[in-house]
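Structures incoming, each one as C-alpha cells.
Both of the next two complexes hold chain A, though its partner changes from chain B to chain C.
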Partner chain A sequence: MSAITSKIFNAAYAKDKFENFLFIVPAVLIFSIFYIYPFFDIFNLSLHEWNGIDLSREFVGLQNFQELIHDKVWWMSLWHAAFITIIALTLQNALAFALALACDREIRMKRFYMVVFFIPPVLSEVVVGLIWQWILNAGMQNGEHIGLLNYWLAKSGLPQLVHNWLSDPATALPCIAIVHSWKGFGWGFIMLLAGLRIIDRELYEAAKVDGAGSLSIFKNVTLPMMVPVIFVVVVLTILGSMQVFVLILSMVGHGLVYHTEVPVTRILVSMSETNRFGYACAQGVTFGVILVMVSVVLKQISNRMKQE
Partner chain B sequence: MKRFFSLILCLLVLAGCGQVKKDPNSIVVWHWMTDRQKAFDKLALKYQEQTGIKVQFELYAPSDVYSQKVVAAAQARVLPDIFGILDKKSIMASFVQAGFVADLTEEFQKDNSVWENSIFPKALAVNRFEEGNIQKVKPGIYGVPIDVTNVQMLYNKKLLQKAGINNPPKTFNEFLEAAQALKRVGVPVLVSGWGEHWLVDCFASNYAFNIMGEEKIMATYRGEVPYTDPDWVKVLQIFAVLRDKGALAEGIVAKPNKYAEQDFALERVAFAFNGSWCVNVYHDMNPKLEYGVMLPPATDAQFPLKIWGGAGSSFMVNNTSQVKDKAVAFLKWITAKEQQVFLSEETKNLPANREALSSLPAILSEFAGAMDNTTHPKVWPINETPLVSEAFDKGIQSIIIGEKTPQDVAQEVQQVKEYGFKKAKRVTTQ
Partner chain C sequence: MDQYQVKRILKSTATHAFLLSVALTCLFPIFWMVRSALMTNETVFIDKSLIPASLQFGNFYTAWLEGNFGVYFLNSVLYTTAVVIGIVLISSLAAYSFSRLQFPGKNIFFYMFVAAMMIPLPGSFVPLYVLMNNLHLVNTRFGYILCMINVGLSLSILLLKTFFDKMPQDLENAARIDGCSKLGLWWHVALPLARPAIAVIVIFNSLNVWNEYILATLLLNDKSLMPLQRGLMVFQGAHSVDYPLLMAGLTIAAAPILLVYLFMQKHIIKGLSSGAVITLDKRTKYF
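Let's look at the complex of A and B:
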C-alpha cells in the first residue's frame, strides 16, 4: 500500500516539477537566446581576428586578450570610468541623499522640487551632452565668450577662471564626471526618497522620546534602515557610470587625445574605426567580467552588512 | 480550444520568422546625407511618376552611426537594395569579396561606355579596383558616385578685411602673418572639426604631400620609411607652429565638424578647413555669409600640396537584391545630367556628372576649380593601418594641446607601426 502511495506521490511530484518547469521555459529560452548565446558567441569572436565583413575569420586563440593586457589605452580608459564612478558615488549620491532627506521633511513646494530634480535623468544623454557642450564652450564672438560658464565667470569679475574646459586634459574628464553626476542624481534621489518614506515614523518618535538629536537619529535610525536602498543605488551607480559613453561622445566627440576614453568608447573604436571585431569582443568580454566581479564583491559586502 | 490557440500562435511566430516578400516595384536606399533627404524625396517622386517604381530613401545619421548600421546589416544579410560604404577601401574590398556589392563594370561600359564617360574619372576612381590591387579584388567598378567633393580652406571676406588683409594667403608664411593680423583685431584664426580624426588626417595628409610627395608617403605605409623621418616630423611640426602662433581656434582639438561649421557660418572665425558640402551647410546657417575658397597655404617644400577630393558620396548595389537591375537603372537615372543639375542646385554639392557642371553657383565653381589638385586615400595603392592612423591623429591632438612634441609623436607612431608589423608576422607564422 505504502509503495503505491509513494509511487502516486512521486508521480504527482514529478508532474508538479514539470509544470513548474514549463512556467520558466519562456524566460529560460529568452535568456538563453538573448544573453547566454550572445555571450558565448562574443567569446568565440574574441578568439578570432575579423574585420566584421569578411566571410572568413582567422582563429588567433587568446592573442586578443594578450594584446589587451598590454594595451595601455584600455587600462587608462578603465581608470577614467572608475574616476567617473568615484565622482558619481560621492558627489552624485551625496547630493541625491541630501535632497531626498530635505524632501522627506515637510517643506514648501516639495512636489515642485521633486519634479525639478527628476528632470535631468529623463533628458536624453545626447541632449544633456549638447547643452553642457554649449555651457562649457570656450569660443568667443565679438570679444564675448560664447559658452555660458565662461561668459558668467567673465561678467562676474572672475576672468582669471575662464577656461578651455573641454579641451584641457586637466578639466575635460572632471567636467564629464560632473555632468554625468548632474544627469544621474535624480535616479538616486527618487530611490532614496522612496526608501526614506518606508521607514516607520514611530522609530523617529521613539528616538526623540529617548532624547536623541538630529545627528544621532540620522546615524542610528535613518542610515541603518537605508542600507538596502543605499546598496541598490550604489550598485546601479557603479554599473551605470562604468558604462557611460553617449554623454562623452556628445560632449567631446571622438575624444581629447586619450584623456576622455572609457571602455565603451574603446570598444566602439575597435569595432567601427579600426575594424577589429575580435579585439572589440575581447574588450567586451574583459569589461563584462570586470563588471560581474564588481557586482559579486558588492553582493558579498551587502550580505555581510545584512548579517551584521 | 487552448491547443487550437497555441497552434495558431506557433504558426504566427513561425510566419514572423520567414522572409518578407519584396515588392518587385520598390527600391530601398539607405543613406546618411541629412541635408539631401528632401531633394532625394523629390527625385524619388519624379522617378515613380516616370517609371512606376517606388524609391524609398531611408536616412540614418550621423555618418559613423550609418557606417555601423551598414556593417551590422551586412553581418545579418539584410542590406537594402542600394547603400553606401563610408569606410576605407580595404573595408569596401571586404564587402565586395563577401559578395555584398554588385560589379557594375559591364553596366558602365555598355553602349561605348556612355555612363562611365559621363562621370568625373576622379569620382569613379574611388569605386574602382584596378588590376593587381593589393586587396585582390576582381578589377572593376563597384559603386556609383552621385556627387564630387573636395576639402579646402574657406575664408571670411569681412573678417579678413577687418584685419586689413586684402587677399587670402597663398603660402604658409603668409597664412601665419594673416593669423597675427587677425589676432591683433581679436578674431580667432582657423577652425575645423578636428575632434573628428579624419579631418586631422586630411589636413596632415595635405602637408605630407607638400613636404615629401606621394612616393615617400606610400613608402612609409609600406614600412620602408619610418615616421621618425625628418619629413614626417616637419608635417607634425606644422601643427606645433599653428599652436604656437595662436592660429587655432579655442577648443579645436575636441570640436566635432558640425560645431566648427557653426563657428565659421556665424562669423566667429576667419578661416575654416572643410569640404565642399559646407556650401549647403553654411547657406542654411547664414545665407548672408560672404566667403571664398582657397587651397591650404603650401609650405616652400618642393612637392605640390594635394587636397583630398574627387570622392563624393557613392552608392553601391546590393549583389543579392531581388531588384538589382532596377536598382542599377535608378542609379543611371539619378546620375544623368537633368537629375544631377537638380541635385547640385538643391543641395549645393558638386555634381558627379561632368555635363552638369555648367550651371554651378559661383562658390561651387571655386571648389570645382581645384579638382586637378585632388587625391584621396581610396585611390592610393596602399593605406595606413587604422591603428597607426589612430596613433597619428591622436598624436596630432596631443601636439595641439601642448602635451607632446612632434618628435615624441613621431616616435610613438613608429612604435605602433613596428608593433603592427611584428603582430602581422606572428599571425603569418602561426
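Let's look at the complex of A and C:
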C-alpha cells in the first residue's frame, strides 16, 4: 500500500518539478540558440579559414591567431580604442564628477540639469555621429564654410584654427573621442550623483565642526566614500569605450582607413569586406580575452582598495 | 550684505555658469539638427543664423515618403514593441521560476544567464550571423526580433529575479490557497506586483532596440525591413550632400525617444541608472 502511495507521490513530485522547469524553457531555448551556440562557435570558427559562403571550411589550427599577432593594423586599432578610452576615463569622468558634485546640494534647476545631461545618452550613436559630422564638416561652398564649427572659427577671428576635423588623421580620432565623451558623460553623472546622495550628511557636518576646509572634506570624506561607485563607473567606461564603433562608422565611415579603426571595425572588415570569417572570429576571441583580462585586473585593484 | 553672503552668491553664480554651459553643449547640437532640417539645400550652406528667415517643413514630408523613413519608422515601432513584449513575458516567466519555484539544476541555469552578462564577447555577431544564415532567418523580421529578445534577456531576468526575491509572498500564498495555478500566480499576482521592475525593463529594452544598429545591419538587407538606425546610414550613404533631408531623417529617428524621455524623465533616469547599477553589481559580485 505504502509503495503505491509513494509511487503516486513521486510521480506528482516529478510532474511538479517539471512544471517549474517549463517556466524557464522559453528563455533557455532562445539563450542557448542565440547566445551559447555562437559563444562556442566563435572559438570553433577562429580555428578555420572560411569565406562564409563555401560549404567546406579548412581547419588551420592557430594560424589565424599567429597571423593576428603580426597584424600591425590590428594592434593599431587596439591602441585607437585605448586612446578613446583614456579620453573617456579622464575628460568624461572628470566632467561627470564635477557636475555631480555641483548638483549634490540645494541648487535651483537641479531637475533641469539632470534631464538635460541625460539627453545625449538616450540618443543613438548613429544620430549623435551624424549630427556631429554635420557640425564638424570641413567643406566649403561659395567661399563659406559648410560646417558650423569652422564657420564660427572663421567668423570669430580665428581662421587659423579652421581645420579638416574629420579627414585629418591627427584630429579625427580626438574628435571621435570627444564626441564619445559628450554622449557618455551623462551616465557617469547620474551614477556618481546617486553615489554622492547616499553619503551621510552628518559626516560632512562632523568634518566641518572639526574645522576641515571644503578641499579637505572632499579628500578625506567624499572621495573615500565614493570609491565603490567610482570603480563601477570606471569599469563601465572602459568596457563601453573599448567597444565603441557605431559612432565611428557614422562620423567617418570607413573613409579614413587605418586612422580611425578600432577592434570592432576590424572584425567587421574581416567579416564583410575581406570575407575571412575565421580571422574575424580570431580577432573577436582575442579582443574578448583582452577585455576579460582588463576586468579581472580592475577587480583585483578594487579588492585591494576595499581591504585598505 | 556681509562678506559671507557675497561669497555665497559668487559661488552659486559660478556653479550655475558651469552647469548652464554644459547644458547648452548638450542641447545645442539637437537644436542645430532640427534647425537644419527646416532649411532647403540652397540655404543650409549659406545661412548660419540661429533662426533662419524662412522655415521649410517639406523636408519631413520628403524624408518620410521618398526617403523611406515612414517605412523605417514603422519597422522600428514594430521591432521595439515585439521585442519588449517578448522580453517581458519570457524573462518574467523565468525570473518567477528562479525566485519562487524549485527544480533540479536551477542554480546552474541561473548562473548561466549571469555569466553571459559578465563575459564580453565583442565579435559574437560573426557566429550569430553564420547561424542565422544557416537557419534562413537572415532578412526576416522574425529572426531579428528573436536575436534582440536574446540581447535583453539576461539583464531583464536578473532585474526581475532581484525584485521577486524582495517581494512579500503573502498575496501569492493567499491566491494559492484559493486554488490558483502556478501560471495563474505568475500572471495574476506576481506580474501586476512587479510593475515597477517591469517598467525598468520596458524602458531599458525599448531604448536598446530603438537605438540598435549592428544586428540590424548584418541581418536586414531589404529596405522594407530596416529599422530607423539602419535606414539612416543607408540614406546617408546615398544622399550624403542633402543635409536638410538627412537632418529631417535624424529628427524623425530622435524625436520619439526625446519626447518619451521628456514626458517620463523621472522614471527613465531612475530606470536606466538602476539597470546599469545592477549590471555592474552582479558583474562585480559573481566574478
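The working rule: the second predicted complex is superposed on the first by the 270 of 308 C-alpha atoms of A that agree within 3 Å, B and C clash if a C-alpha of one lies under 4 Å from a C-alpha of the other, contacts with A are read in each partner's own complex, and residues count from 1 in each chain.
Heads up, the rule we're going with is that a residue touches a chain if its C-beta (ideal position, glycine included) is under 8 Å from a C-beta of that chain, and two chains touch if they have at least 3 such contacts.
Being a predicted model, the structure only gives us computed values, none of them experimental.
Chemist: When the two structures are laid over each other on chain A, do chain B and chain C clash or fit?
Modeler: Pair status: clash.
Chemist: Is A:203 contacted by the first partner chain B, the second partner chain C, both or neither?
Modeler: neither
Chemist: Given the touch rule stated above, what does A:234 touch, chain B (first), chain C (second), both, or neither?
Modeler: In the superposed model, A:234 contacts neither chain B nor chain C.
Chemist: With both structures superposed, pick whichever of chain B and chain C touches the larger number of chain A residues.
Modeler: If we count touched residues of chain A for both partners, the winner is C.
Chemist: Have a look at where A:123 lands relative to chain B and chain C in the superposition and call it first, second, both or neither.
Modeler: In the superposition, A:123 touches chain C alone.
Chemist: Touch check for A:243: first (chain B), second (chain C), both, or neither?
Modeler: Once the two structures are laid over each other on A, A:243 reaches chain C alone.
Chemist: Using the touch definition from the top, say if A:172 reaches chain B (first), chain C (second), both or neither.
Modeler: After superposition on chain A, A:172 lies in contact with chain B alone.
Chemist: Quick check for you: in the superposed arrangement, does A:225 touch first (chain B), second (chain C), both or neither?
Modeler: After superposition on chain A, A:225 lies in contact with neither partner.
Chemist: Which holds for A:82: it touches chain B only (first), chain C only (second), both, or neither?
Modeler: A:82 sits against neither chain B nor chain C.
Chemist: Applying the document's definition of touch, where does A:162 land relative to chain B and chain C: first, second, both, or neither?
Modeler: Once the two structures are laid over each other on A, A:162 reaches no partner at all.
Chemist: Thinking of the overlay built on chain A, is A:60 touched by chain B (first), by chain C (second), by both, or by neither?
Modeler: first
Chemist: Of the candidate stretches 60-68, 96-104, 240-248 or 348-356, which in chain B collides with chain C after aligning the structures?
Modeler: So the stretch of chain B colliding with chain C after superposition is 60-68.
Chemist: What part of chain A is shared between its chain B contacts and its chain C contacts?
Modeler: Shared contact residues on chain A (touching chain B in one complex, chain C in the other): 52, 141, 146, 271-272.
Chemist: With touch defined as at the start, can you tell me which chain B residues reach chain A in the complex?
Modeler: So the residues of chain B touching chain A come out as 64, 67-68, 71, 74-75, 87-88, 90-91, 94-95, 97-100, 186, 188, 193, 195-197, 249-256, 259, 263, 266-268, 386-387, 390, 394, 397-398, 401, 403, 423, 426-427, 430.
Chemist: State the interface residues of chain A toward chain C in the complex, per the touch definition above.
Modeler: 17-21, 23-24, 26-28, 30-31, 33-39, 41-42, 45, 52, 95, 98-99, 102-103, 107-109, 112-128, 130-132, 134-135, 141-142, 144, 146, 148, 151, 182, 186-187, 190-191, 194, 231-232, 235-236, 239, 243, 245-246, 249-250, 263-264, 267, 271-272, 277, 280-281, 283-285, 287-288, 291-292, 295-296, 299, 302
Chemist: Mind listing the chain C positions that touch chain A in their complex?
Modeler: Of all residues in chain C, those touching chain A are 12, 15-16, 18-19, 22-23, 25-27, 29-30, 32-33, 36, 45-46, 48, 89-91, 93-94, 96-98, 101-104, 109, 112-113, 116, 118-124, 126-131, 146-147, 149-150, 153-154, 157, 182, 186, 207, 210-211, 213-214, 218, 229, 232-233, 236, 243, 246-247, 250, 253-254, 257-258, 261-262, 265, 268-269, 272-273, 276-277, 280-281, 283-284, 287.
Chemist: Residue numbers of chain A touching chain B in their complex, please.
Modeler: 49, 51-55, 58, 60, 63, 67, 133, 137-141, 143, 146, 164, 166-169, 172, 252-258, 260, 269, 271-276
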